[in-house]
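Each of the next two complexes has chain A plus one more chain, namely chain B in the first and chain C in the second.
Our next item is the complex of A and B:
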């Protein structure tokens, strides 16, 4: 793959591919595709998608909605025509141990009449009706594209309703066109920031943390919280998995913010550092290495021997159970090649390491919203020649997968049919997944899922080009062992 | 017993909770996927296309590529022409489509984008280059539902291409928003009658492809532009549905939106007779469809289908006691609900609640006309929260509709028979057959078995014979 290491025009990087398969790439995206091992690696990212692209990204509204959605006792009202609310109804597997209010989809369902004469009245009526009916702990009001255009003053409506109903009503300025999904993360963080510090409590709770950026998909946060409790750490607020308004209000009483999904939550962590002097660390809970480091780092932060001993004991206990099980998977899976395309780059990095543990090499890796630091880190941990891509689309992805002969694709709902149509395995790492993939238990689930998709006998019926035959035959042999 | 007539419709409610509808660009996108070599473009923010793709992929389990013009703040202030032009450039570069079909959004409509003007300008700029065909449809999501978007798109496609100059050896069939399996079944029936038909849209392949040897940027399948041209030279059109996009758009200030359907357009502008019938679900509705086909083909219904009909009657008889008097909640798109009500009327299931998210203002009268049953009521403008609260009181035995009603069936501990769109929590939504004698037989069996299974599961001893 010598040609890959030179940073020149895309058609020169991929001369053969371009000849066989014209116009894979969109003009203007040349610098969003790179290769590990490239001496001039300089990923261009954090930019808007090209017009006309079939980007896998969504919009500002989406970014804000995924962050705030898991707050289970809040009312989430989407102010706009019906689509935005319909498409996000109960869309994530963000579990709640109590109220389920977040799983309902509330919309002002704007019509032409409101588009012309304004939607403030309808929003006011919707909010007051819904607050009376559901008695939420707080309300979030998401403005969608046209609300930004027709000029509804949702701040004013929120204030009015807040005063009348005596609950916090927060506007979330989520007009879809107003940036990228990442900007949506920021507006969600801004809303959270307004909530934090509004409780009576000011005093720091000893040995306490907030968990930022875990959304309790398939109950993952419950597992993590259990780990932290076992090593003697108190959790103040879960932002936002299985989240509660009251906990978030007093998040300022924590000693440390532990940030996963850094893309969505770093803004809030920085904000809290500034306002309340709470330091933060970035962690990931995917894979043994990152999971264990998260526990060690938290223990180290509190500089307390008993906590570190407890963390070491926990890790040792878990690994004693886990490693023999993983070893078996590794034996069977060695030689498989993975393509990863997920929303956040930090998750992608953990996946590379987790895959390595089970013998799977990453050959293509990309994200919707990674930043420069993320991509530099990806470049450092990936094997030379790995294709690294920012804000990709189906045509590029299928091309990279074939080019690098990936045998497994790890992604979300929109990536799944690409893998299946290419006749390769797929692992769901999306927000609606039902299997926990974080933590030690999650690592085993992850191995099981990769194994299940790689070793399924169904691939024998998929006709493939000769270059893809070899890994398939190997799969069959492995399975029969 | 309480009936739904005692409940007020939900159209004036301040808020919609768990909508029983999605927005119009989604319907347009589905219709566009039924054109051969077509890449849909949604002129608006990126989320519109991504959310719609995700919603459709979860149902069809196929790649659904829909491009977006990716509006930014600047686009919203200064207009979408730059994004539009670049978007078209990029789609042509990556996909080499035969057709680019553009749906507007609430955003592009609100800022007053003139998509037809943008297309003309683009064509003028590139007049020496080979260009794809263009179709545009106005689908602001603050008007109507996904069904309005679907039928508006079909009408726009016909209006863009229909021509008179072809041999009149064929008919047009506008099946409406049915499953890929339904379309395949319709093709088989038409073939058996020896009727040459242009089906529009035809996503029987493009949204339900076989596994591929090579990856296709644009999935194979769909009605070709050449065939769409021929719709203007057909002997007749058959159109399924009574409501289509003919309803009043509720809360619309501008009431001029009375665009005809594809078949109505051809009738008005090309003099092609339009046979508008309901979706052929149930014996009576399917008989009507076969009658039309007999008239067109001038032959009797082939034996294969008279036997299918006979088997359906046989099934009705074998299963009649399991369904008679059962109370059902039916929900979904207006035409779908009307078709289901007519079918349930044939088998003695009492539809205690028939609910739709549509707001045509026509469904209620239509169902009473069709059945002669003045008690049948359709509640329009419903959301699932209202359906849930009414269902708690009405205590139905079964729910029939898309997968979104699952949470209600779960709460009430009653069976849900999944039909229509979307099916997001099961395999095979794209392969459910609803239409014809065969589709009705499968539907009847599913309903019987759901009720039998429920009884069996709740029996203290379990049993081996029905």
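Our next item is the complex of A and C:
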């Protein structure tokens, strides 16, 4: 546990915050906040959020939706009142190189009548109409809170439609009350698991991998796929960025699963290991070090000299371009301090390393869903004194940022207002990111984005408004002279 | 399985001890409504158990997602605010309550400016100005200065009159005030465009018993001047629009007044009045107009209509950008939500000034299109 006596006293420096500083830490959350370098470091995590804490986490449905959403040739039908579909309509920049069907947010728009008499008929009508119209490769049906309560048998409806239309229709049991966003990842993986192995193909494809847990935000997966192709690796399925149903069906023919975003995809990787004996490795594509390690590890797995040589050549070529370009940013950014709050802890770890590469020190770091191992890793790579936090909330985050004098905040859409209102830079490293941040090109984009936000002139003006005090010359006549 | 009572009680305790607000507003969801949580009963229990500190408040409204639309939710929370707070002491404070419909914070500020200009004694609720458009000053404040205070909400019960701005959003709350505190009410359209603003100002002048100042009449004159100068660009232009009834109705009326042709109008929000109001506005002037509201009146229908016969302009929220792009139609963003452009929360579109802002946007979109498509020899410097 960290030393909290100091932190409370900090409020004196920021008199405006006195009222809100009444209680900085929620009772019972002390063990979910720690400091790197603390000898007794023992992070408590993977706990349900406390009611009323204003956690930055999201629900089961949201988790399942973000994982499956990028499958572009599938029909995604949200079985529930209109809200669930409306709030997840085309909000994720998961790009498709072909069909755009995934960007439509179909809903059964349940009304009071269905809540009383059941919504199965409406679901059946929606599915059959949409399948006829769009001819999707498969359909996913997401059940929402209300469906779980009114007891619609969506499994039966899916089976019926599947038999009638001759396509796979998979239920996704995403009732919100079944847990957190993390549980949503699991139900999405369960649906994927049912799809995998349903093609005719059984034989392993040599030198082949599945990319798990990259969602092709801003086209990142296209860059990664290109790297893999260059070193002679075949990609069977992309799960799920720019994903296609047929590819996922034959994902069992790959030799290796390469898992990024371990929070969402480890369940599926383990499942495939059990069912098809496919081993998996955990990688990250953010930052030079982790990106290169990913390529080396895949090459090493296949134990083929030509692949390793190609990987080394690729890394060398990319670094030759990238390092000089980064140098300039590093010179300008050295001394900047970053706060990181993201969904998955593994990404947070990559970010610490990537920031260090451009001279930025991480002073606050946290995640919504990290586990004990993740936090131990974070503790090891962070500088002493870095605040580490699990399942945080706005009141804590804004406090840590001020306490540690962070100048850049890296997070998702819910963190942006905190950063901007405090008058510091912000970088979106979540679904809504506009720039590709993975790989070597992504590293340069990341440096540019951090530079642009940290060095923006706007922040210097935040505390420099014209004085509100009485003018020194009080006499009107004198003033006019 | 066992109901959400313990979670809600815990949440109330945590929120008051950590975030220290004056009020907690509880919105029910599809889930809590269907499992049968009784918010009245739970909140009473919270008060009895001392989980609500002295002088603090917890209010609620029922907002299951399967009843009505987002506008229903807005109206229900207004109802919650009046039910909980408004008190009738029997001593009139001579104010006019302005019950604000679903408009931007800048619009609320503009309506307050107009009322102040008229020297009308008014109190507006809800009021998001200063809250949702708070300044950047380097401080992260949970409760920015601005908006309506609790004292003001209580005082609503002693007002001499209530004016609801937007039927769908405000009528329930206005009715409740009349029933509970005997405050009579009238409903007017959101003051979008010339005629709706005229009516709003006339109503306010009457109920607050104040004169319309010359400076406001001058604002009207400037709007008229702009319309007169530009009317030839507007004549006969076919417009499709979609959104919430409370702004669609006065906007359609404004477009007709501009000599444009609002030909296709849809709203996902149910309510019978929509049809009769639209008939009244469009019947003689734009007999070919098609309009529909309720759950089957969606943008898919609107897109089909547009495909049958093209329009010159599309007006609505951000979701219209797909149609605008598909059909290559000039597009003015209006309504909620606008997720891809700035300005809507800062520059009002209500009142006469707001009318000029709408006109600026419409003309900008139409004239950009003229410039884009003009052959070299016809590209005009002076328009």
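Convention: the second predicted complex is superposed on the first by the 443 of 481 C-alpha atoms of A that agree within 3 Å, B and C clash if a C-alpha of one lies under 4 Å from a C-alpha of the other, contacts with A are read in each partner's own complex, and residues count from 1 in each chain.
Here is the rule we go by: contacts are C-beta pairs under 8 Å (C-beta built on N, C-alpha and C of every residue); 3 or more make two chains touch, one makes a residue touch a chain.
Just so it is clear, the structure is predicted and the values come from calculations on it, not from any experiment.
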Clash-or-fit label for the pair chain B, chain C on chain A = clash
Partner chain in contact with A:51 - chain B first, chain C second, else both or neither | both
Applying the touch criterion given at the start, work out whether A:81 contacts chain B, chain C, both or neither, answering first, second, both or neither.
-> both
Answer with first, second, both or neither: which of chain B and chain C does A:129 touch in the superposed model?
-> first
First (chain B), second (chain C), both or neither: which does A:216 touch?
-> neither
Which holds for A:115: it touches chain B only (first), chain C only (second), both, or neither?
-> both
Which holds for A:150: it touches chain B only (first), chain C only (second), both, or neither?
-> both
Of the partners chain B and chain C, which touch A:105 in the superposed model: first, second, both, neither?
-> first
Any idea whether chain B or chain C touches more of chain A?
-> B
So which bits of chain A does chain B touch that chain C touches too?
-> 23, 26-27, 50-54, 80-84, 89, 109-112, 114-115, 144-146, 149-150, 176-177, 394-395, 398, 418, 420-423, 462-463, 465
Spell out the residues on chain A that touch chain B in their complex, using ranges where they run on.
-> 23-24, 26-27, 48-62, 77, 80-90, 104-117, 122, 125-126, 128-130, 144-146, 148-150, 176-180, 393-395, 398, 402, 413-414, 416-418, 420-423, 461-465
The answer for chain A against chain C in the complex is residues 16-17, 19-20, 22-23, 26-27, 50-54, 80-84, 89, 109-112, 114-115, 144-146, 149-150, 176-177, 394-395, 398, 418, 420-423, 462-463, 465
Considering the complex alone, what residue numbers of chain C touch chain A?
-> 7-8, 10-15, 17-20, 29-31, 34-35, 64-67, 69, 134, 136-142, 295, 319
Given the complex, residues on chain B that touch chain A span 13-19, 21-23, 25-26, 41, 44-55, 57-58, 61-73, 75-76, 82-84, 86-91, 93-96, 105-107, 110-111, 140-143, 145, 209, 211-217, 249-254, 385, 404, 407
